[in-house]
Amino acid sequence: MKNFLAFVAVLVLGFLIITSLNNNEAFPNYGEADISERVSQAYIDRSATENPGDITFGETTDLESGPANIVTAIVADYRSFDTLGEVTVLFISSLGVALLLGGVNRKRIDLDFHPNFMLRVGSRALFGIILMTGVYVAIHGHLTPGGGFPGGAMIASSMLLLYLADDEFRVKIKGFKMLESVAGSLYVLIGLTGLLLISGGFFLENFLDNGVIGNLFSAGIVPIVYVLIGLKVGSEISGIIDNFLTEEAV
Amino acid sequence: MLQYAAIAMLMLGLYGLLTQRNVIKIIVSLNIFEIGLNLFIISVGYVDDGIAPILTSNFNNNGLIFVDPLPSALVLTAIVIGVGTTALALALANNIYQKYGTFEIDEMGEE
Amino acid sequence: MTVELLIILTLVLGLVSYFMGRFNKVYGAVVTIIASMFVFISVGYMANDILDGSTFNYNAVKYLPVFATFTVSYLGIFFAILVTFVFAMVSFFNPFFVEKYKYPAVYNMLYIFSLAGVLGVFFTDNLMVLFFFFEFVVWSGLFIIPLGKSKKAAVSYYAFSTAGSFALLYAIFIMRDVAGTYNLYAGLASVSGTTQGTYVMILLSISAFSKLGAFPLHTWLPAAHGNAPHPFSPVLSGALVKLGAFVAILALVKLAPVGDLQSVFGSYTDATFLYASQYAVAILGAMTIVFGTLMAIRQDDAKKLLAYSSVSNGGYILVALSIGGSVGLAGGLYHIIAHALASAAAFLAIGAVSRVTGTSKMSELGGMIHKMPITYMVYLIAIISMAGIPPMGGFISKWLIFQAVIDNGLILIAVAVFFGSIGSFLYVFRPLAALFLGQELPQHKDKAKIPPFFMLLPMIILSLLIVYTGVFPNYILGFINDVMAELGVDALVIGKYTIQGPNGVLHPTLVASVFGVGVLIAFIIFIVLKKSRKVGLMDTYTAGNFIYTEELMHYSLDFYAPIERLYEKYINITEDFYKKLENKVVDFGRMVKYFFFTNKPEVTVFWIVVIIGFLLWGDL
Amino acid sequence: MSAILLIAVPLLTAFVSILFKKYSHYMLIAVSFLSVFALGYMDLETITIGGFDAPFGIVLILDNYSLIGLYLVNILFFIVAVLNCKEYKKLSSILLVSLAGLNGLLLTGDLFNLFVFLEVAGIAAYLITTTNKKPLATFNYLVQGTLGSSLYLLGLILLYAMFGTLNMSDMAREIGTSGYGAGVTALPFLLMFIGFGVEAKLLPFNSWAKGILASSNSLSGPMIASVYAAAISLVFGRLLTNVFVIEGTLLTIVMGILVFSLVAGEAMAFSSKKVKEILLYSSVSQAALVVLVFMTGFAGWAVYLIIGNATAKLVLFLVTNIAAKQLGDDEVDTFKGLFTNNKVVGLAFTAVTLSVVGLPFFFGFVTKMNILENMFLSGAYVWPALILITSFIEGIYFIRLLLNLWHTDGDSPEVKFDFVLKYVVVVIAVLTMIFGVYTKPVQDSADDLVVYSITEGGNF
Amino acid sequence: MLVNILEIVVSVLMLVLAFFAINSKSLIKSVMFLSSLSMLAVVGFVLMKAPDVAVTEAVIGSGLVTTLFVFTLLSARKVGN
């Protein structure tokens, strides 16, 4: 009964919200958004600071922001600061998971599931492939869909595979910590380089050459940052997985 | 349509939070809410007949209609933040289970 | 010495007394004597100068923030000199009590601070400064009271005083809004006779009632007076309560009344000349008198009894001030003096007794006259004045009030006033009999002795003044005439030795001398005739039975039981009301806690759904 | 010096600190101290990040308003960190992140960036509260906090869909010039208001507060009730004064929420018998008061109110938590006579309590009086009455508490306070008194603050 | 047209899955429903031309979160035994 009432209540609320949005003269209907009225137009045209005119893939050089993937341009360049925050969120939640689940002596949870030899060898092979894919996705973040976060998650899932395929396996936490720390620090340091080393520079400024849009080696610091993000995310999520898969040794 | 579905999912998430008293179920509801939110954010930037906001070979950006890339960027951030919170919530759920031996809030007694 | 400097110096002296108190408790208390004497003498000089028409500028402000301004008015002088005098007298008691407190140094400091606060209230003409010092007095008192017996008393003192302060503050804001300035006189003048004036009048009355302990805001007063440290009770009753009278004068006299009574009640009223607001205050004042009297009759603790008598006397002051006119106002102002002196003396006397016996309960005391005859005399004089018997000051003021009430034909109020007067006979003599007369109790026999000279001194001075105000009131009445002239009220007609009331002429001196002769004759008879024989407690028998144990045979316990039985069902009405109010708040709080604070997120979600729904529903 | 360092340096240190666990708490102390120190060298400016000006890039706004907020939050954070760094070494990295998050919250001029920092600071807060050892309460906090910030994001996205920008001042300008009525923004603003309401403990949305604060310790109590509350209120205030347009039905709803929070908060505190509960419900009410003052347009005084509350709550929660830890529980009865043996701490506690209640000569009096006066002069007669009534209730229970803490019939409990704590609370108490008497700088700068934050704060 | 029909199917399926995920009695089923819901959301993202989000959601939202849920349930079952 209570559930039903609650269901009716949220149904009514949903209906109200939809009606209100439909009646809202300022809110665009689905599929009719006018991008040119929004700041995004500047991201598409790369015209936040200058007016580059038409952009042609593979030809136009030295845009204010180099990635061919406009989303990446926003995530890792225009609004890179958000991404720093986002990495921090993941960082702190991995710290938190370690704090909540961690302990000094930890051992693997017994999964009632013991992989055989084939599985172990096979997954080792697969591990490499997934890892490579992850790195690839992270590196090509400025050109293709994907980027640091899915890439990092793929790296972590290759670790996960090892965990599942081998019930004795444990990651070297120390190594991951190092990776996580170094990647994070480098991200901030790259940001600070823009601020401190270049006169009149800004935090997280893209101080490298943007190159030709569409090339692998283009977009200045964006690929570097994305790889760092990938490594950091990968190591953080691996840490989280490790914490979830272990328990306090009794 | 997907926009309405997104709003409906937001509401279902709220419904879950409103009725469920199981820690895991609450986290599931929260996740549903977040997925709904992400869908809604993307739907706000959708343009009929628009193309994905990626410049690819053979294209000149002139005259093309892209969907709004900014919501995508925001959702990327939101998804990762969501994962962070979910991981933390699950770790807490684990702690709760170790302390009370159950996931049902009603069985834990008032503190 | 400007007012500002005086206040600052007082505050500094307060700090000095604190540090002296840290060093040596008694020295700290001695500083309070010095400080309050100093303040009293300074105010006295000031008064003298003002009366002589001096041109010295007391109002100058040099050190305090810009908005602080002072005006030495006759009204301010009147109150200040009275209150500082009470402070000065009571301060002599401090060194003898300071040992018993938990935080003696703090007591000394706050004692002086409250004195400074009082000065600020009476001398400022800036409303914000007025409020500031008003609060200051409240807070100083607040921390002194729990040094006595009860924490609860302090809380209720705080609650009612703060209600009063906040009402005052709100009134100040209204006046500020209308007048555009914080000047006291401009503010009062600007709202006079307008709708806002009604609000201001109501709010100021609330403030005055709460401070004066008038019905229905009186419940704090008996608790606070009864439980405060012994030397602070006389200050509370004789001095701090008078802040309420000060505010009442602002509300009732300085503010032009609003609302014709006849328009409210039609022709059913007996007071056609009064305005609705004044009449309401007068009625509440009358109820205060009756209530205070009835409650005082039942008390066992002598301090509580006096506290209720303070309530009842506050009622007299309110009645007198609300009737107004030259006789009424003069009666009110004179009653302020008379009651301040009498209650200070009475509280001091009981304090002196409690100091040696450790209790002020009538059922546990008796026969103190044998060891403390002077204290007994002081108490006797004080209660005679309280009961309004010539030749004491209380008689003069009550006579004036009666005159005013009768002259205006306020029958209801007259009944209350007379009832209070008779009732006060009933209660004031009970402590006299219970504490001082009767059998000397064995448990206090050894401890009781004549108080030290410096405790006797203020009591004797107060007693002499009580007699003086009863015998030669005309000098003081002359000063009161000045005050009333400043307030814009016609002067009371006084001769050299006579007071002209509307219904006749009073010759206080003559009355006093007749009484004096009577007392003299009685004394001669007492001396000449055969003395009664003193017997020990065991050397007697009752109803044919010998007494075997030295227990107290108290005739003043449950003395008025038959009368009490008539109304004992109703005595707690106001207390119950406030208790219920408090419980309602507590229940509300518990309910909110129960409904909103659980360990489940669903509550928050539920309200989010409801509130968003509410907003959008409105849009539909 | 660029204000970005206030965010970047703690973050960098946090990333590094996980490698040097042993020294992480020294890093925490050093960085939080340097943050306070560095504030003196900051110029008031709008900081662009990545070289893209607003509204395309993210900007940080360092104006008078955020500078005061930064000083307050950093100093309080430093105090809490110093007092707890030994006991909660494990949390050092998390605290560093939370410092970065709080600074980011106060500085940012971008609405989405605000969401990110809200989450950073929020997750740090959840982790700080795990030290209470009440996982269920923390879980509750986490769910509500996440839901709140998600609602904020939802509202933000609605605004973005309508006005196409994420920058605060740009958004405010777009809303102002768009010509649509207040109706179109009512839903997003309500969602954002609720989102912040959850964090700021406004009443129907704060069921987490009891679980967290009633069992808090000397780290989580002051952190959540003082540092976080101050930061959230300040950010809320910036949004309320610069961005939000609250009119019509929305105004009714918001005012209803605020009045209910004010009154019910005081009533709940009045009916509580535990010291921490009294403090926590009182801070519910205070939070509503702060928002109310922002709503009525006296931003400057609201800031002073926040400062007063934050410092006071810091002292109160610190002292209470330390005493509660040593005594075993926080019933008022257990605490009876606590200060007879600890006069110094007692005096400081009393001073700040009296400041909260609004005793003349204390800082709280100055702010409260000015707020009341300004409200009254602006023609709002109801709010002063309401505030007076709630202060009345507040006064009663605080006085009752104080009297219980100073006077006891039985034995006084023995509680040890360490030297640093004594020093800190005394300094805060003395400062409350100094600025309660010497009010000129406060009076003068309050007006500047109002002017500044309304006309220039959003980089208009 | 095809896209529209696909949209409707995806939407309805998502809602049904969400409802099941919330109301399912078994926790593990609930988690599985959530995972499939997430996969459908990926389709939704693709339909709305947001490939970046789709990739991220597929890897993180659908894969990783589900794993974490399952691990929590596993470890809880261990403690429960």
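Labels A, B, C, D and E are assigned to the chains in the order they are written; within every chain, residues are numbered from 1.
We take it that a contact is a pair of C-beta atoms (placed from the backbone, for glycine too) under 8 Å apart; a residue touches a chain by one contact, two chains touch by 3 or more.
The structure displayed is predicted, hence computed values, not measured ones.
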- Message: Once the contact rule is applied, which chains count as partners of both subunit B and subunit D?
- Response: A, C
- C-D against B-C, pair bridged by the larger set of C-beta contacts: C-D
- Item | Maximum centroid distance from subunit D, chain identifier (CA atoms) | C
- Query: What is the chain whose Cα centre is as far as it gets from that of subunit E?
  - Reply: C
- Most central chain, Cα average position: D
- Item | Rounded Å distance, subunit A centre to subunit D centre (Cα mean) | 31
- Using mean C-alpha positions as chain centres, tell me how far subunit A is from subunit C in Å, no decimals. 75
- How many Å are there between the centre of subunit B and the centre of subunit E, using C-alpha atoms for each centre? 10
- Message: As a quick test, compute the distance in whole Å between the mean CA positions of subunit A and subunit B.
- Response: 15
- Among subunit A residues, those touching two or more other chains are 3, 9-10, 13, 17, 20-21, 28, 33, 38-40, 43, 69, 71, 79, 82, 85-86, 89, 92-93, 96, 100, 145, 147, 149, 240, 244
- Item | For subunit D, residues contacting two or more additional chains | 112, 116, 119, 123, 126-127, 130, 135-137, 143, 147, 158, 160-161, 166, 183, 187, 211
- Would you please write down the residue numbers of subunit E that are in contact with two or more other chains? 50-52, 56, 60, 64, 68, 71-72, 75
- Each pair of chains that touches is included here, namely A-B, A-C, A-D, A-E, B-C, B-D, B-E, C-D
- Show which residues of subunit E lie in contact with subunit A when the two form their complex. 23, 50-52, 54-56, 58-60, 63-64, 67-68, 71-72, 74-75, 78
- Message: Quick check: in the complex, which residue numbers of subunit B touch subunit A?
- Response: 1-4, 7-8, 10-12, 14-15, 18-19, 43-48, 52-62, 65-70, 72-74, 76-77, 79-81, 83-85, 87-88, 90-92, 94-95
- Item | In the complex with subunit B, residue positions of subunit D that touch it | 112, 116, 119, 123, 126-127, 130, 134-139, 142-143, 146-147, 150, 153-154, 157-158, 160-161, 166, 211, 215
- Task: State the interface residues of subunit A toward subunit D in the complex, per the touch definition above.
- Result: 17, 20-21, 24-28, 33-34, 37-40, 42-43, 48-49, 64, 77-82, 84-86, 88-89, 91-93, 95-96, 99-100, 177-178, 180-181, 184-185, 188-189, 191-192, 194-195, 201-206
- Item | Contact footprint of subunit A on subunit C as seen in their complex | 609, 612-613, 616-617, 619-620
